[in-house]
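Next, two complexes with chain A in common: one pairs it with chain B, the other with chain C.
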Partner chain A sequence: MTTVAPRIQEETLQIKPRRDPFLIILWIVLVTFALVWIAPVVLIAFTALKSNAEIMATSAFTPPEAIAWNNFSGAWSRGNFETTFRNSAIITVIKVPLGLMFSAMAAYALARIRLRFGKLLLLFFLFGAMIPFQVMLAPIFTLVNGFGLIDTYPGVILPYLAFGVPYQVFILHGFFKAVPKELSEAALIDGASHVTVFRRIFLPISLPVLAALLILDFVSTWNEFAMALVLLQDRHMWTLPLGLMSFQGQFSTDYGQLNAAIAMTVFPAVLVYMIFQRYFVSGLTSGAVKG
Partner chain B sequence: MATVHVSDLRKSFGAVEVVKGVSIDIRDGEFLILVGPSGCGKSTLLRMIAGLEDISAGRIDIGGRVVNTLSPKERNIAMVFQNYALYPQMTVAQNMGFSLEISGLKKAEIDKKVAAASEILGLNPLLQRKPSQLSGGQRQRVAMGRAIVRDPDVFLFDEPLSNLDAKLRVQMRAEIKALHQRLGSTIVYVTHDQVEAMTMADRIVVLRGGCVEQIGTPLELYDHPENMFVAGFLGSPSMNFLRGKIEGQSLLLPDGERLLLPSLPKTGGGGDIVVGIRPQGFAVGTQDGARASIKVVEPTGADTHVLAEIDGTEITCVVNDRVEFAPGQEIRLSITSAKVHFFDPVSEVRLD
Partner chain C sequence: MFNSKFMQSSRTQALMLIGPALAVYATFAIWPMIEVVFLSFQEWNGLAPNREWVGLENYRYILTNDPVFWLALRNTITWTILAVIFPPSIGLLLALGLNERLFGRVPMRAIYYLPVIIAPIAVATMWRWMYDPFFGLFNQVLTSLGLQSLISDWLGDREIALYSMFVAYTWQYVGFSMVLFLAGLQSVDRSLVEAARIDGANRWQVFRHVTLPALRVTLAIVLVLSTISSLKAFDIVYGMTGGGPAQSTQMLALWAFMQSMQIFDFGRGSAISVILLLVTLTIVVPYLRWSQRDEGAAE
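Right after this comes the complex of A and B.
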């Protein structure tokens, strides 16, 4: 044994692991796509920190020489951020948890409680996710107007809920279906009601999925533009994306302030993403390998 | 503790009837095992007793109370599942105390009961662990602990040992039996493993195709199977069946070989008959008896299983000695056991 061992070591040292060409191609593609995605982020960050003169004089991807912090303060007041930020925050903070709660409860009922028209109901939900909301803009406006809710928080939150719930129900339903049925049966025998099973068993084990949905929903609600534009006419009710419109003047555009505003708009979404991304990643793979 | 009466119970899924009028009376403190091949309706029957499946027809009565329409929690039963069904986010102690917590018991009381149950099952060092940190056997023990703390009228076990390895299964088998002796509770236990049924049960119910084939103590069923299905299902290796005619004191096989029988049936001796002989009831030699050829020899250490072919029928013999035969070798078989079973070849019913 002792005489053989060094020779084996020598041999293993000489053999270089061959790289899989497929992996190399994959890496190249990945890096290319990453560059495409990163470019606008860099552009926004650099432009937000440059004065207007510097923006005109230098190329878009040149780092700023003198950092123009006043872009941010200028953008804050010009975009009426105090109001728009508050409106966005109120709408998102109410809509996202509420929508998630409704979706989770609906998904649990569809997945775990025997209902006479359960399948039909699920199909109905899925149908809701299939309709592009642009088609619905005009009818929604009429509806919200009919209720006298134009320029109010409920006037935006209710349609947001209606459009957010279907796909969340779809994803959560799939997840809940994959939970072994013995788990809820054991709890039912232990004396739990469906509410308890949902709250004590299903919610804790679906935290990763809920976190993933929370991030997605937060970002899409925070950035929503078209529906807000239609339903919020009064400037004082505008959300952040609407506030960005004020930087697009008829004759001039202050790119420094515009990009500073964009950076400030995106920041909360990035923050939420960073807080929950640990769950987000495990949530996306949760269906693949049952943990 | 309670009695359970199941009378003329039926269950259909759509047009398919999976439980076809089953009636069983389970005594107080009895360990009753439902056994049968997959798809025989044993699990469905258990789930109906638990209240997890609706009843299509019939009646279930637990402790003198008809529970047909009661929800699982109102039946005061506890169930142990094959895949344990532990709550993954809770510790062992929380898992065991969950039902008590729901029923609104005080924390101190819950702790006391959980401690008592974990003492019985030897779970004390594991109380703060999560299910994912436990081995299969430990998980199964927690699942049993969860059942014990509730002090239910009836324990229901749905193939609790199927996910364990062979050694652990033997160990847990003894533990469950000891637990039953200690608690004296009524247990309904489902398994497809006849060894589990034989070793643990007070009485066994053999099911096939949604019908009860026979109910009795393990030895009653082993010694007096009412039909060929029960005879073949219980015992390991399973019983050999040889078909032929009775002539004098022997069984005449179609190809002319004769096997001397230790006893004869009192009825139905004339035509074709099926004789059931346990694998342990043969002597394998080279001199006297019916001719057979060796197919496979399986030494198990303690004894040897000899698979032979006699008149086109494959039979298994268990021989105590270490015999050495080559495949294809011709041997002579004779019956040594005093007990053979006679069955009607058409109805497969026992003939005495």
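Right after this comes the complex of A and C.
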């Protein structure tokens, strides 16, 4: 949260000296609501750091007295986190950059190269962004099984790519379409290929959008459950959400460790969000929300 | 302007650039959608070498002999209506509030968005624990407030389990609507707002006649996305109740999964999927046509 502090100062300076009573009431309502909204997260964090004896003895929102780090080490080994964490990391680190690359390439071609079926292709991609894959778990299983890829990394990465690409193509297409012609025309007339123009001109200027998409994609890949449930049946191939689900089933009464397990599952996505969050709203607004 | 050789080479380049995305998308997203339609006309346990063609038998069965299907359909419709009303309206109110220059609005935005980042399965685990009838947060808080009469078995009571689950869902997705509305609010013309204020319009009038019209496109996007994401409610149901108690929180996406992957009746599971897909298409296709027409008008 280091990036937040200077912005708060900047904004306090902008508050007009005349205090509007409406704004004061609004502020109180928003802060109260925010406290309620963050309460479950605080609860998880506190409980994860308490011993089971302390959980039973103290009320839910009392900060932990003696910090019980062993909840984390206990949950880590009992919940097989070493395996699930590694699997999640491998899948996410391969899938996210690869998916963004595929999407950016396709979005550039659809936005900047005149193609007879360009518009139709775009619509074809857009269609996929609207179709929930949760509806089609069985045929996805059948297909991946047909390729002999159940319980493998490619077996889960390929469908992840397929269902991530449409939305990203849609957003990046909107962004690339809005880039002024002058920026690429000179290079193209000088004989540069589209691949070069894409790499040297369009990729660098789209970094904020790519950062926003990176957060979204990292988070949704890291958190994905339904498809992993179907495609990864061997527990050595499980990802974090599958591990957490099984942990809940086995050790649901060990509250300290259960909450430590939740915290460890959630933490990496929250970290990535915090690192890239300043690009988030700005990246999504630039050309994206237009339509 | 372009000579044919240049056109050809730029076409080859376009194919190279589109190729990977298109191939993976067509194989792993579009093909399963076609396959699910085939499967819905067949009887298959997922393993046997031959699939038997049974025509509309699977549809007949789920529509006439499967009471769970109708329960799941009713729950899905209830859930969707709730999901289209509550998270977007709360999200809009928060966005309007946090669009004002208020002290601490950036951390507040982050707080409201935080649950969106948490894995739905973790949200299910968290809330399941908070709903625990004996050790859960809710009943503890009610006890300490002296409101014992309100203590419930939040996820164990068939009458309220679906709504308890929906509260967790709302907690998670309000931030998503909020961010989209905040982005949409950036396109509201500030000078127009100022002008309306100078002309004596009050806050409600400014909202009604300036802000709301400018949010038209965002509103459509949020409503369509909320509908779609409610239809695919899966993780949270699986993690919180597994469809129980007594199927009272069963929904179509989960029921399709259970038929295929747990009961090994791929035909019936796929028939449920196709019905859910058709419902989705009746929302998606009009939206796509509307958004394309809008784009055409803008050009």
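The definition used in the following text is that the second predicted complex is superposed on the first by the 246 of 291 C-alpha atoms of A that agree within 3 Å, B and C clash if a C-alpha of one lies under 4 Å from a C-alpha of the other, contacts with A are read in each partner's own complex, and residues count from 1 in each chain.
The working rule: a residue touches a chain if its C-beta (ideal position, glycine included) is under 8 Å from a C-beta of that chain, and two chains touch if they have at least 3 such contacts.
Predicted, not measured: the structure shown is a model, and the values here were computed from it.
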First, second, both or neither for A:A53, with chain B first and chain C second: neither
Contacts of A:I201 with chain B and chain C, given as first, second, both or neither: first
Partner chain in contact with A:L23 - chain B first, chain C second, else both or neither: second
Contacts of A:A187 with chain B and chain C, given as first, second, both or neither: first
Chain B versus chain C as contact partner of A:M136, first or second or both or neither: second
Chain A residues touched by each partner, larger count belonging to chain B or chain C: C
Touched partner set for A:A66, first chain B, second chain C, both or neither: neither
Chain B and chain C contact sites that coincide on chain A, given as residue numbers: none
Sites on chain C touched by chain A in the complex: 9-11, 13-14, 16-18, 20-22, 24-25, 27-33, 35-36, 39, 46, 94, 97-98, 100-108, 110-112, 114-122, 125-130, 135, 137, 140-141, 144, 171, 174, 179-180, 182-184, 186-187, 203, 217-218, 221, 224, 228-229, 231-235, 238-239, 253, 256-257, 260-261, 266, 269-270, 273, 276-277, 280, 284, 287-288, 291-292, 294-295, 298
Footprint of chain A on chain B - complex, ascending: 50-52, 71-73, 77-79, 81-83, 85-89, 98-99, 102-103, 146, 150
Sites on chain A touched by chain B in the complex: 180, 182-183, 185-192, 196, 200-201, 204-205
Residues of chain A touching chain C in the complex: 1, 4, 7-8, 11-12, 14-15, 22-23, 26-27, 29-31, 33-34, 37-38, 40-41, 43-44, 59-60, 102-103, 105-106, 108-110, 113-115, 121, 123, 125-128, 130-144, 158-159, 161-163, 165-166, 169, 193-195, 198, 219, 222-223, 225-226, 229-230, 240-241, 244-245, 248, 252, 255, 258-259, 262, 265-266, 269-270, 273, 277, 280-281, 284-285, 288-291
